[in-house]
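Look for chain A in each of the two complexes below; its partner is chain B in the first and chain C in the second.
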Partner chain A sequence: MEPVLTSGQHVGDHPRPEKNYLNENTRVWDWMTTVDHKRIGLMYLVGSLFFFLIGGMLALMLRLVLMTPQHTMFGIAVDAEMYNRMFTLHGAIMVFLFIIPAIPGSLTNFVLPLMLGAKDVAFPKLNLASFYVYVAGAIMAVSSIVIGAVDTGWTFYTPYSSSSSQTAVASMTMAAFILGFSSILTGLNFIATVHKLRAPGMGWFDMPLFIWGMYSTAVIQILATPVLAITLVLLAIEKTFHIGIFDPKYGGDPVLFQHFFWFYSHPAVYIMILPGMAIISELIPTFSKKTIFGYRAIAYSSVSLALVSFIVWGHHMFVAGQSQLANVVFSALTFLVAIPSGVKVFNWLTTMYKGNIVLKTPMWFAIAFLILFAIGGLTGIFLGTLSTNIHLTDTYFVVAHFHYVMMGSTVTAFLGGLYYWWPKMTGRMFSEKGGKISCALWFIGFNATFIPQFIMGSQGMPRRYYNYLDQFQPFHAFSTVGSWILGLSLFTVAGVLLASLRKPADAPDDPWGGTTLEWKTSSPPITHNFHDQPVLEREPYDYRPAGMAGKGH
Partner chain B sequence: MNWLTGRFMLPPQGSAFADQVDTTFLGIYWLSVVLFWGITLTTLYFAWRYQYKAGRVTPHQTHNTTLEILWSVIPLLICVGLFFWGLNGYMKYAVAPGDAMEISVTGKQWLWEFTYPDGSKTINDMHVPVNKPVRLVMTSEDVLHDFFVPDMRVKMDVIPGRYTQVWFTPTVLGAHTFTCAEYCGKDHSGMKGIMTVEKQEDFDKFLATGGTEWETYRDSGDWAGWGKLQYERKGCNSCHSVDGTSSKGPTWKGLFGKTETLGTGTTLVVDDAYLQESMLQPNAKVVKGFEPIMPTFQGLLRNHEIKGLVAYIQSLK
Partner chain C sequence: MSTTTTDLHAHGGHDSHGEHHNPFHQHHFATMEQQFDTAKIGMWTFLVTEVLMFGGLFVGFGLSQAKYPQEFVDAHHHLQRWAGSLNTVVLLFSSWTMVMAVHAAQTSQKARMKMFLWITLLCACVFMGVKYYEYSHKFEEGLLPGMFYHSQPTDTIPGSHGYATFFAFYFMMTGLHGIHILIGMGLILWLLKNADNFNSEWYTPVDLFGLYWHIVDMIWIYLFPLYYLIS
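Our next item is the complex of A and B:
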């Protein structure tokens, strides 16, 4: 179980350099004005993890309130209005401030130029600008919490949001509007970088699959996010000037809002899951010490998921009052999603077949991902099928399903990726034992929290419910206990990673035996990424003995 | 047995449609169980079987076109089958039979109002005859709601400014819960009630008198008990407390015989006549400190129900 390169070994002729991107120019001002993608990635990491903490705390509080019918949290009674604000903030923070920016903003910002053999992203200043737009959106979101919070659910459905809710809907939608621009700018930057800054010798099919996944994500970001922006502006216009767009009181149509909203928010689901899949496509070949099976199939499946994601939004609206014919068409299109998703899973499994599998922490997370994503994906079939959707939609079944995809899959992959690139980002190895304990707790806690929610949902427990029928109480209690294990696992992750920072830099340049270019520079990298311009001589994931390696899948 | 078949996932069946939905649900359930364990056990087996061994050289398998076509086409065929299975059930849900009894449903924050073919109304308390198709024509007075009857496996959004419909044929006598499934604000989770599926003769009696229980109360002369039932059924309890706590409306505790000051400044003593007026024209004389927000119960309350409510208020000393 030894890594290919052991501690102290370094790439090429370069011993660990004195100066790297972390210890050069360390004043606060240098960080605030940096255009280094690695530093911006770290700042995004801190920002999005901060909001993951806040959103997670809200989740633990929600679970505590739901644990017993008394609705208390450490003896403090929580009323329905407070509960509604809490679940809205949990959803809005997790979606707009954590999952959407987390992998693109932090890990991808850090590794994408490295993987391409580039010095930075195509537009470094724009990259910094997108971070500050994110910060502005975050401040706006936090201030709307302070001035009265929001109780509409993260979906802002009209006419509740436009005329009934007495909360800070306007400023929260403005925050989502601003955050959308951050997402658009990041996507734009990545697309330009992939097109223009690949290392000499790197054709499109020589790129790591992570890049294919993130490229597909970026395409969705720039095409879908403007629709959300327009929708939120229309909502603001209606709210301010009482011009009828979505509210029937003024002659508008509330179902139109849902069409607009999901036209963005369904592709946004793929903004969340594709980066997770992108990370898994790196972890599995690296730790299986075997070339990825079906490189082109995985690359094309990322692109086709991105395309299909634009034509399935109506499956959120089977009982929302859209035409019955539209329901039938959207159901048929929705099943198309299953094919590329299945292709990816089968390719990952086949990559493990006859591999030489090193069971390090990131691989544990990759295995956890495969199992949790299987549940997330398969329960999607129940929801894509028309007759069962009628019964299951708007219940806890949906809540459990999307948590399996958003959290069980994307966040599992994010944690795996964080552990995977941590030595590259910080120059430090973390405790393997601690990492594995955190993964085991995560897996157990996650299933304990969300499996009861599947059962509750299919038995008829609607979502966004403060009061529930007594028969569901045992399930809620079980789920709440699961959430504590989940919370514990995340604190373990934080502890393991932060503990590694207390020791001197000890990570080798390529601790996992990776083949992609980010491992061909120092850990942590120097400010300009590479000592010499890297030239691609072999395809990614080529684990053939040195003499036999080459290019061309 | 329920744990073995997957039935434990589902609520009791209350309609013929429920059985059809459940068959599809269990079909997908078993497909998922097989695929899930297939993927999971394969993953774990590979992770164990091909664990790292120093010096092992891995084969350079880049792709296998046959295999890849197979694992794209077979899932596609399964998906096509599932789509049609779901479509088949959906067609039954989508088209109501022409002879279905029509009940209009109005959703508002946070109660359900039902109007029967003869014009009589109930709130949060729905009665339907067994084995007869029922078609609900629904609309909302304020925001989005969703009428969801888990036992019937039906659900449909209720939208302001338009009518939506849903239908089912109840087949199981007894009480079935219905709920609001589209988030609608503060008391979203309180917007629920009981659908009583009863024999045709009981349903006819319900329409004539407001319920079979009436006979029991009439015979025992328990007017206050009858009123208490109305208090819960007609939704009075969402704004009026009976324990002295102040809510959106005045508490009923100690209300009868009390001298109240109205918003206009005049005072009056709460008596039978005032209570009855307050139910039928609630905003005529509003007590000071309260908003004129109560909807009228004209047409919603029968005379013997008003009498019961007055007796109940009288009993709350």
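Our next item is the complex of A and C:
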């Protein structure tokens, strides 16, 4: 299996350059003012992983509280208010500060221009600005939750957020508003880059599928985030001036808030999952050594997921007093989501079929993704079905479902992508053994944590409760133990990757035998990405021998 | 495209044919044309987000109006229709002067471009002046949002909040629009300060600002009938 992978140390005629984007201009000030998309990507990576750590720690604490029905943590009693704050902090940090910015901000920022054969994103200064907007929003968000003790959950439902909660909801929503701007600017930058900065010879259907996925993500960021922004402003103004928009106390309509919120936040789910799918579309052909099956179908399914995501928001309000007709329509529309998702999974599996599969660490994660995403996606159908939804609403079944999609799918793909592009980003190979152990722990820990939650959810365990009936004890205890394995796996990932930094640069330019343009430059890349402007001569994922190769479908 | 990356970098934006290079040409674009098109796509995308942001407010207004139809009609009689009409005319005229400014920039007529930019700025000032007059009128009468509302007549339906909600939306929407006008005024001043840089080869900022100004006008075109012409 090995020979395919060591396809020569360097690509092209140039010797390995002494200067690259990492060792040129290394003062802190150079980093802070850089407009290089690769450096901004690394800064995003550090930022979002930091919040992943904090959010993860909170998750472990929540699981500890729930381990026994005594609502204690290390013997200290945790009351309902404290528990509310903890899960709000966990949810808000994970959604707004980790999952939404992680793949677009870090991995995509790094590889998108490389894949297109461009020297940078379209607006490099705007790219840096969006990073600082993210930092500002993050500081504001964390301080309002920690100091202001926000306890509304990450969804800020009215009237709880507008009149019942006396906490810093206004400043928290403004923080989310600011973070939304960071997301908008990133999306805008990617759209312009994809439209205008593709390498000569690269048409729309010659782009790697990662780009299609990220382009679809950017479209959602552009179309949905402004609506969330204005909704949160309305909420903050309502709270401050007592205007009747969402709060029945002042003559408003609380379900209107849910409509506004989910008009953004349902598409936002696809801001989180599409980048994961985008990464998997790279990993599968690279490690199957086979042209991707159904290129156009995958490209179109990304775009159609982006579009469908805008017409299903009502499925969050089946029990919120929405009309029966609307419920039926939204339920039917929700099933549409399954079609492009199914198309993708079918194409990935068919790509692997009769491929020359090379089981390196990123491919382990890709396979884990396929399994976890199938479970997360199919349980989504249960929840989209009106009759079962009524039974399962606000139970742990929902919690388990969205963790399978958000974490089991997106974070699995993120970790796979991180391993995949790590040699390109740092110039160093990591320990394969360590990588595989971390993946195995991740997969076991994840299922151990969340499968019990499906079961107890179907038996009626409500979400967001700090305590429970004794009958749920075994499931909660099992889930908590699972969370420890999950924690261990993430520390293993960190250990494996950080250990690779201790040795000298050893990564070849194309360690995995990838065919997309980011592998056609040195590892790590030079500051301006390519020695020569790359020209696309072969379509992506073309694994035919050189003699048979050529562009054209 | 056979130019090497290092060449492109060393000379700032020198293309492979050795043509004289424009100081505003950024190194990661192959040609000035590509740079201009990219900027334009970026601007249009940004304007889409603006429309969607206002869209949320329009939907909120529409739903509140459906909830308090009578109060909204009554409340709108407190707006001065002549002031709104005047502002509509002023803004429409400024859109025309902006078009002329962009055309002047495209054809390297600097003096003409400056003149039209100044007229556009003047229109914006008139708009904000009228807005100031209207707002102070509302403040005097107590036609204010939410808990600050203290005018007669109070709501026709006891316990409802139609008037206060109407003026809440009025201030939010015209206020957000006014902030956009203020930002636009600052941008016009910036364009005037850098007017000497713009010519037929590079006038991207003028062109992009023109797009921004038109969208701000267009939002007003929708705000005006929404608030002043309810029946």
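Simple rule for what comes next: the second predicted complex is superposed on the first by the 546 of 553 C-alpha atoms of A that agree within 3 Å, B and C clash if a C-alpha of one lies under 4 Å from a C-alpha of the other, contacts with A are read in each partner's own complex, and residues count from 1 in each chain.
Just so it is clear, contacts are C-beta pairs under 8 Å (C-beta built on N, C-alpha and C of every residue); 3 or more make two chains touch, one makes a residue touch a chain.
From a predicted model like this one, the values you see are computed outputs, not experimental measurements.
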item: Chain B versus chain C as contact partner of A:Ile339, first or second or both or neither; value: first
item: First, second, both or neither for A:Ile381, with chain B first and chain C second; value: first
item: First (chain B), second (chain C), both or neither touched by A:Pro254; value: first
item: Which of chain B and chain C A:His531 touches, first, second, both or neither; value: second
item: Touching partner for A:His242 - first (chain B), second (chain C), both, neither; value: second
item: Contacts of A:Ile367 with chain B and chain C, given as first, second, both or neither; value: first
item: First, second, both or neither for A:Ala80, with chain B first and chain C second; value: first
item: Chain B versus chain C as contact partner of A:Lys503, first or second or both or neither; value: neither
item: Footprint overlap on chain A, comparing chain B with chain C; value: 253
item: Complex interface listing, chain C residues touching chain A; value: 1-6, 8-9, 27-30, 34, 37-39, 41-42, 45-46, 48-50, 52-57, 59-60, 63-64, 67-68, 145-148, 160-162, 164-165, 168, 172
item: Contacting residues of chain A [partner chain B, same complex]; value: 1-2, 80-81, 84, 151-153, 157, 159-160, 163-165, 248-249, 253-255, 288-291, 293-297, 319-321, 324, 327-328, 331-332, 335-336, 338-339, 342-343, 345-347, 349-350, 352-359, 363, 367, 370-371, 374-375, 378-379, 381-382, 384-391, 393-395, 454-455, 458-460, 462-469, 542-545, 548, 553
item: Chain C-facing residues of chain A, complex; value: 118-120, 122-124, 126, 184, 187-189, 191-193, 195-197, 200, 222-227, 229-231, 234, 237-238, 241-245, 250-253, 256, 260, 526, 528-533, 535
item: List of chain B residues in touch with chain A within their complex; value: 8-11, 20-21, 24-25, 28-29, 31-32, 35-36, 39-40, 42-44, 46-47, 50-54, 56-64, 67-68, 71-72, 75-76, 79-80, 82-83, 85-90, 92-94, 109, 142-144, 146, 148, 150-151, 153-157, 159-162, 164, 177, 179-190
